[in-house]
Amino acid sequence: MRGENAALGAAGLAGFLVLGEVIPRLGLVKQEYFPPVSRIAEALGVEVGDPAFWTALGDTLTGWALGLTIAVVAGIVVGVLLSVVPYLREATASTIEFLRPIPSVALIPLAVLLYGTELRSVLLLVVYAAFWQVLLQVLYGVRDVDPVAEETARSYGLGTWARVRHVMWPSALPYVMTGVRLAAAVALILAITAELVIGAPGLGARIAVAQTSQAVPEMYALVVVTGLLGLLINIGARTVERHALAWHQSVRGEVTV
Amino acid sequence: MLDVRGLRKVYEGSGRRTEAVRDLTFTVEAGELVCLVGPSGCGKTTLLKCMSGLLAPTSGEVTLGGRKVDGPPPGMAFVFQEYGRSLFPWMRVGANVELPLKQKKGLGAARRKELVADALESVGLADAAGAYPWQLSGGMQQRVAIARALAYEPDVLLMDEPFAAVDAQTRADLEDLVRRLWQERSMTVLFVTHDIDEAVYLGERVIVLSKSPTVVQEQLKVDLPRERDQLTTRVTPRFAELRTHVYEQIQAAKRGAVAAPGAGEEAEVAKAVGTAGGVPVDVRKDMPPLR
Amino acid sequence: MKGSAPDRTGSSAWRRLLRQLVLVFALPVVLVAVWWVTSAGSQDVYWPPLRTIVEAFWEVWTAERWTGDVLPSVLRLAAGVALAAVVGVALGTVIGSYRRVRAVCEPVLEFLRAVPPPVLVPVIMLFAGIGDTMKIVVIASGCVWPILLNTVEGVRAVDSVMSETARSYGITGVARLRRLVLPSASPQIFAGLRQALSIGIILMVISEMFAASNGLGFTIVQFQRSFAIPDMWTGILLLGLLGFALSVLFRLAERRVLAWYHGLRDATRGSS
């Protein structure tokens, strides 16, 4: 069954590529708009040979990784703090509910004015978007801590820090990992958006340049690269998450509130 | 009415073959209430799913009123053990009961409404039509599932361990409910259970199944009076004899002792079976009913 | 004695309500007050006093701007998300129902959903120009993936007993889809819609920033380019309010449609 699925998947992928080749060749769509797969692959080969491409990839990954790290650390620290200090969680709930749905792209003009095309522009957008993903999952995770475990720890006289370390953190960890996975995907989207719209150096900016210079196959090649990057990040994050979940007895569904 | 002939079911998956049901032959007459009982994991559910057309048997056949069953037949209703997963939680009780009727041709809205109200009334839930299933207790949910089956007006009602997941008192109530509905509506009921007392208390006839791969271990006529009562019926010596006998049969089935020859054909005859734990038990259908 | 009991519960209910109100409004009020006070004498061009921003708000967002910029943006968003919902649920139901179809599509879908949606803007501009069609297609093509993938998961997860119940009562085909599959998948579909909505707002804004002659994203960028800083801030605030309002509306709709689901979840949680 596994082997069959893999074969079917490979067939699907092959079919997708063949369609991408045949449809423009038959003239069903204009080749200037949608070049055949072979043209895109060719452009991709040229890109890969260009050192500037690798610089751009490095810039994108730097913005992504740095922004994600800041967001994850901040999300965890704030989440634990809100959960540990009495009343803080309730007092901040409405503020979080208001700030969270604010689209991070609203900050683009501000980022442009403050930082221009610097890395900090990218970081502002990435951190804002990714932070909420982590924070919310931490809060859900802490809420899910078994009250019996919590009370047991309390009755044995464990201090706040020990309780956080030995009770709250292990129970919340799977949620935190989910938060990190969601944040990793969002961070990539926002990093590329910032590059595309603001012009901060990176793959996004390279796509914008390809678009303005009508280099259509190159543009498609870069889009494919961002897709592959997203795919790698998703797979990587899921693997890390599964490892973190492996020791955890309860298999739980993703919290989607 | 409902005939099972040489039924065999083999599951094949990921390189393993599991013979769940080996060779089953029995008949349920029209208007009969038959209980199927067997050791846990003996393929009762497999059998029932084959009978209801949800599973295709590997060989042999099931016929309902002379017609071969090769898909869920219209004259049959199924009550599942997992009431919580059998009722649709996004529909209120009334809509749940009405849903199968909407699939039946030629039923007007007024008639459907009438059938739903009548069925809910029958199971004592006339007031619950507007509630969601998950707002009800487990026993009430199973009553809704029974009402849904009743409203469908089936010729045959198949019940797969319907009371296995409810508490003992609710269970007794539901058993009496099934007896009463069977008498009132003159349905044919096939009731699967792993509970020996339940099988003897409910059934007019008990079919004891062997362990998997399943064959018929024994068939036994339950000669208890037609009117049964949780208190008095269960303390009669006859009830005790019958349950002891079935118990010993099940024990024999678990050990894999060979079923008495001819079981299945001589359905009416409850034989003296000497294999049960070495203690001969004499149960005959011509024994006078004890009062 | 008897008379005092309801009084006590009454006053404690009032106290609870009061406490609730304080908890909800205290921090936002404090934050706004802090912003107001600290920015009051601000000479920094980029951080104008909140007072200036609030005053500018009413001048900037006139009725004309609402109908000329806000409304078109919201309509594009609605059209894009609606299109994505129809396509996503339809395709997701097909893919989720057949194992082989799913196996064939899975790698391609994994790739397509991993493409960061904003890079679709320049691609779709090639085909659809810079009009409303482009924006709607951009929004729809970014929003469709979370809806599609969640629908696939939801359709796959239809309970086996419910499925057999439906079969045994002859509920098949369209009736099965309408009465069993879609309601059963609806919590997942809504989770997908929620993700789609936040992606949709992002795409709405940046597609307008890229190429447009009206809309929220366009207007905000215009303010920024002409250094109308307080006006730009009002735009940021308005976008924030829009995001918040849409999430509240969505939650209300979800609570209504999925009332059964939340009830069921509470019921099973309470009993376990």
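As written, the chain order gives the labels A, B and C, with residue 1 at the start of each chain.
Definition applied: contacts are C-beta pairs under 8 Å (C-beta built on N, C-alpha and C of every residue); 3 or more make two chains touch, one makes a residue touch a chain.
Since the model is a prediction, treat every value here as computed from it, not as a measurement.
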item	value
Partner chains that chain A and chain B have in common	C
Central chain of the complex, centres being mean CA coordinates	C
Comparison of B-C and A-C by number of C-beta pairs in contact, larger one	A-C
Between chain B and chain A, distance of the C-alpha-averaged centres to the nearest whole Å	54
Centroid spacing, where centroids are CA-atom means, of chain B and chain C in whole angstrom	50
Mean-CA-position distance for chain C and chain A (Å)	18
Where chain C touches two or more other chains at once, by residue number	none
Where chain B touches two or more other chains, by residue	none
Contact set on chain B toward chain C in their complex	49, 52-54, 72, 74, 76-78, 80, 82, 85-86, 88-91, 99-100, 102-104, 132, 134-135, 148, 152
Interface residues, chain C side, partner chain A - complex	23-28, 31, 46, 100, 103-108, 110-123, 125-127, 187, 191, 194, 198-199, 201-202, 205-206, 209-210, 217, 220-221, 223-224, 229, 232, 235-236, 239-240, 243-244, 246-247
Residues of chain C that touch chain B when the two form their complex	159-162, 164-165, 167-171, 175, 179-180, 183-184, 186, 260-261, 263-264, 267-268
Complex contacts: residues of chain A adjacent to chain C	4-5, 8-13, 15-16, 29, 32-34, 87, 90-95, 97-110, 112-114, 185, 188-189, 192-193, 196-197, 204, 207-208, 210-211, 216, 219-220, 222-223, 226-231, 233-234, 256
